[in-house]
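Listed next: structures, encoded as structure tokens.
Each of the two complexes below includes subunit A, the first together with subunit B, the second together with subunit C.
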Partner chain A sequence: MRNTSWKSQLTSSLFVIPYLLLFVVFLLIPIGYGAWISLHNWDLLNPVHEFVGFKNYTKIFDSNSYLNELFFEGLKNTFQFVVYSVPLLVVVGLGLALLVNALPGKFKGFFRTVYFIPYSVSVSVVAIIWLWILDTNSGLINQYLQKMNLPLIPWLTDMPWAWISLAIATLWWTIGFNMVIFINALNDVSEELYEAGSLDGANRWQRFVHITLPSIKPTMLFVVITSTIASFNIYGQPYLMTRGGPGTSTKVLLMNIVDEAFKQRQLGNAAAMSLLMALIMIVISILQFRITNRKE
Partner chain B sequence: MQKTPFKIFIVILAIIVGLIFIVPILWMLATSFKTDQEAFTAGLKWIPKVFTLENYQYSLAGNSDTPVLQWMGNSLFVGIIGTLIVLVVDTLAAYGLARLDVPFKKLLISIFIGSMTIPWVITFLPLYMEFNKFGLLDTYAVLILPYSANAFGVFLLYQYFRGFPKELEEAAFLDGANKWQVFVKIVLPSARPVIWTLAIFTFMGIYNDFLWPLVTTNSPEMRTITTGIAIMQQGSFVSSPGRLMALTSIATIPAVLLFIIGQRSFIKGVNQSGIK
Partner chain C sequence: MVKKKKWLGIALTAALALGSLAGCSSAKDKDNSEGGKGEKITYWAPFSGADGPRMKTIVENYNKSQSKYQVDFQIVPQSDYYKTVDLAFSGQKNAPDVLIMHTDQLKNYADKNLLKDLTDTVEKAGVKAEDYAETAWKAGDIGGKHYTIPLDIHPLVMYYNKDLFKAAGLDPEKAPTNREEFLAAAKKLTDSSKNQYGFVVPTLWPNQFIFPTLLFQNGGELMKDGKPNYNSPEAVEALTFYRDLIQKEKVSPENVQQDGEVTLFLQGKNAMHLNGPWMMEQWDKAGINYGVAPVPQLGTKQQAVYANGHNFVIPATVTDSKKLDGITDFLKYVAGNTMEWAKSGQAPASKAIFEQSEEFKSMKQQPIVASEFDYAKFAPVVANWGQLSDPLWAEINLALLGKKDPQKALDDANKKAEQVMNK
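Let's look at the complex of A and B:
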């Protein structure tokens, strides 16, 4: 960059400073402050916060501490949701994109909009709508099952149905976003590759496996990582639909963190749990990135 | 190229899949016009036997604990103001970083982009404590300000400005315009589509956010519609599907309409954001 006068640099800085201030106050400082809180015995009601070093972290790994169960039970439940939902979010998202792309031109826009509509509503609307559809006695699905003389399904009160219900609601709500991203990626795959494939006698499936999939690999990675992060952050669906139940089997890690912070008022513990959760999320994202981009 | 039977099969498949997406919303609307007695009776009535508007009247009337219109107003207010703040600070910062001689430019760019990989859960509790310290919980500030730190918009616009041809700006500088004039008169108008995209992303993010407004507000008049109806669902409307569905419909219809209008820009924006 060419050297410029300090005056010019000053006026240029004015463009960045407003955002920089907000960035520092609402992102950088909270990160540091959170780490600081996690090193203290920080009771919300007690004005004195005793410094305890890494004790909150060691408690999480100490099987005698209730924090151990709180963290790892929650993590296990969150992991379950991630494992159930992410493959669906990716595969169904891609499937819908392929379906929309295969449609005759005039239908494309319409169905893309239809599949994308649920994305615009909020999680509480999603929860209320699906609670009413999955209700054991008056729910839409069970009423149809009853009509066909099939056994009723305890959608929200029994395992593994509770997870299935949460996955269905989440899929319905967010799949449109992944679909749109995949549609964009599919449109960028070069026509020439497909034509070359057809000339070589490749059928539809072979073209999909050998041309489409390799071409959209970066998008695939993006969707996998963002869906994993979103599924890790799940809160509203179990909070509103199953309230963590039956028992605590759908009580995800984020719910336990919020409870530890605002019900038990142990902010130090909750901050330590948040940091560990974030660390796990970062490690998983890096692993997903590495696995996809490894040399073959 | 494609054979007709295949095309017909695809269209039929698309319609069936479409029903899965639409039926839940139709069932919500159907229930919202039913009396609770009918709603609870099995019978799979898509058209209510007794068509009633009572649920809507009741939900909209609200009372001091459930001021539904106030919640809608709150959501619109924090969504619009929060979006405006993001648009102003993000366009300024992105232009500065993409084009102007800002000191430590490279460092700032990598910090901002790097910050997008930090899971949101890290800042959640300390942000709460920060607002608590300044006595700003349960205010509009806590519902608006935290969203402004997100670097996504800066990144999106930065990429756009980098690809924007320099000649127009240079011509304006030669004519004696200063940075601010170039930014307002030339750069901003050219970036309208991408700004519109960022606006939709941001507004929807704020409008639909759940956990943050849930824990940072507690008085009924400060709730957003998203948290408000969640509280109704667990509280006073728990045994009244009709009212709950009317309320949900009221909250849903504006969002869906806005979305259908804005989705083209949204989809274009996904394309521009380099997410591929």
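Let's look at the complex of A and C:
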């Protein structure tokens, strides 16, 4: 008896090992190395990396340093994107899931695939497609607006349009993922609950609010957190579509970090900025988790 | 028996996982082992576009032409190029023996003593300054040392749509040469009812080339006494003129997005366009009836044009004399055989080509590019020009989008650049 439990423990640990190895090699070690770099004055072209303790971090909070503006301007812009995109990603994802689920069986698989396809495309393709659609002077949408004698919209060169365009492109690109997760959750909601609900005279909306939403709450939390993290990590869309413009209004934090690392070659500063960014994301995720769990 | 199978499965899973890890580390194995004849010279370049195959041909021809040296040509994608170069210089990767470096990057590496002073090497090999365009050669002089052997200069040039010129009653063989002619032509070529414009003003790239050109033509400088000088009267005049093309003269639409002016040029709705010589192959592919001309003198003082250049440099760590002999032998060969390079639209900085080759002179675009060599100017020789100039492009963007007055935009850009400098 004891022998088996020892063996089963070993078996289960062996199943974990592949993931553990990948986790250590591709996440834990780089993060540790990044933390180490962040404590140094690490110029990429300088062979000597002087240890400076937490100076790179204090510089970020020193309003006289250019790092201060670089970090907080970028953070402000990233935050704006998170605030605009996450509600859309969650609500539209759920909406699409409900819509696709309500379709007759034959079409279900078809539309699920259709909505999921953009997710498998790379960000550069997404950016090019939307650049063509949104072009102020020769894009698809503005051509139609012009035909209808409506004013042209500066999709990528004016605020708030630039954020709207970036949110739309992101939505189109990634919504399939959230949708598929929601579809799975919806399928797990027991039919009996709906039957009981309709017998008690609940209408569609009431069934949705009182049966569907509570049942898929764990999934909802998962989607909210993963969408927030994904939106926080936004880089490719503004880099390729607006180049951070107009001015620096859509220059997000990751763009600034990459510039600091590879344009300015200051890996120490860049590592400190990214660790700080990671910390902020962790705090936000924990807050989201706490808030959702408290309501119970 | 059953148990054994289970263990086998686990072992296989583990082996697979380990195998995939090992695969990552060995994926970098080189496959360019074309026989081991001669001293091997590793050569890096960022030519991941249409220019890559051209350079490859040159290298292959060189390898065939002699048997003492074997040049191993490796292309690193443009977007990753300087990251990879930096890692090589910091000793984390095998460094190349010779590599391409842009003119505006030289100072960064020269300051850190990472590049080889070529003064002696060049003399010994019989490579002479007089064999190259003076502008290109001089850019390699930094702090009393000489670091480069130039490959090309790529200045801003003007492209124009000949069909639109004809339709507007202009001579398609005569591009405008100064501000007055340019404005007059641009107005004639503009028909906003047809969504057609004389000169679509980009709001982002390639203003990194266009704005310095206008500023230099006004007699201004980007840096003065080692400090940013973005808000000089010359700069304000240049930006005001540039912005007026949109707001006052209305020869350009508003709110042009990233690459919007290129799209309109490709669609035949943008009559004149300023960009680099690398755009040629794209126009050819699209089948536009285009002409090439030197950038008109749009500024008030002098003819000038902003340029960047490709140069060969050698890392300071390369000291083996046999290798150095091989590198200089190769570079001497390149200087005489860059016709192939010219085919990508570029003008080689070697006089053997741009001054003496009849084939070169009969080309459409390349001799015009070379005609700008004499007055071409490069980025200020300052470390981290990339980051120092970032605020300038962002503020010019705001001014061109009509969100800021030119004076205010340039004042702000200057303030931010100073802040970056005094970090």
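Here are a few things to note about the model shown:
We adopt the following convention: the second predicted complex is superposed on the first by the 268 of 296 C-alpha atoms of A that agree within 3 Å, B and C clash if a C-alpha of one lies under 4 Å from a C-alpha of the other, contacts with A are read in each partner's own complex, and residues count from 1 in each chain.
As a working rule, contacts are C-beta pairs under 8 Å (C-beta built on N, C-alpha and C of every residue); 3 or more make two chains touch, one makes a residue touch a chain.
Keep in mind that this is a model prediction, so the values were computed, not measured.
Annotation for the three-chain superposition on subunit A: subunit B and subunit C clash.
Contact comparison for subunit A: of subunit B and subunit C, B touches the greater number of residues.
By the touch criterion stated above, A:163 is placed in contact with neither subunit B nor subunit C. When both complexes are overlaid on chain A, the residue A:8 reaches subunit B alone and has no touch with subunit C. In the superposition on chain A, contact is made by A:125 with subunit B only, not with subunit C. In the superposition on chain A, contact of A:81 is made with neither subunit B nor subunit C. When the two structures are aligned on the shared chain, A:66 is found in touch with subunit C, with no touch to subunit B. By the document's definition of touching, both partners, subunit B and subunit C, reach A:138.
In the superposed model, A:274 makes contact with subunit B only, not with subunit C. Of the two partner chains, both subunit B and subunit C are touched by A:22. In the superposed pair of complexes, A:57 makes contact with neither subunit B nor subunit C.
Remark: of the candidate stretches 19-27, 181-189, 199-207 or 253-261 in subunit B, the one overlapping subunit C after superposition on chain A is 181-189. Residues 11, 15, 18, 22, 25, 131-132, 137-138, 146, 240, 262 of subunit A lie at the contact with subunit B in one complex and at the contact with subunit C in the other.
Residues 1, 4, 8-9, 11-13, 15-16, 18-20, 22-23, 25-27, 29-31, 33-34, 37, 96, 99-100, 102-104, 107, 111-125, 127-133, 137-138, 140, 143-144, 146-147, 172, 180-181, 183-185, 188, 218-219, 222, 229, 232-233, 235-236, 240, 254, 257-258, 261-262, 267, 270-271, 274-275, 277-278, 281-282, 285 of subunit A are the ones that touch subunit B when the two sit in their complex. Those residues of subunit C that touch subunit A in the complex are listed here as 6, 10, 13-14, 16-18, 21, 82-83, 86-87, 89-91, 108-109, 112, 114, 195, 200, 203-205, 253-260, 263-264, 267, 269, 384, 386-387, 390, 394-395, 397-398, 401, 403-404, 416, 419-420, 423. Interface of subunit A with subunit C (complex): residues 11, 14-15, 17-18, 21-22, 25, 44-47, 65-67, 69, 131-132, 134-138, 146, 152, 154-158, 240-248, 251, 259, 262-265. Residues of subunit B touching subunit A in their complex: 2, 7, 10-11, 13-14, 17-18, 20-25, 27-28, 31, 39-44, 85, 88-90, 92-93, 95-97, 100-103, 105, 108, 112, 115, 117-130, 145-146, 148-149, 151, 154, 178-179, 183, 204, 207-208, 210-211, 215, 225-227, 229-230, 233-234, 241, 244-245, 248, 251-252, 255-256, 258-260, 263, 266-267, 270-271, 275-276.
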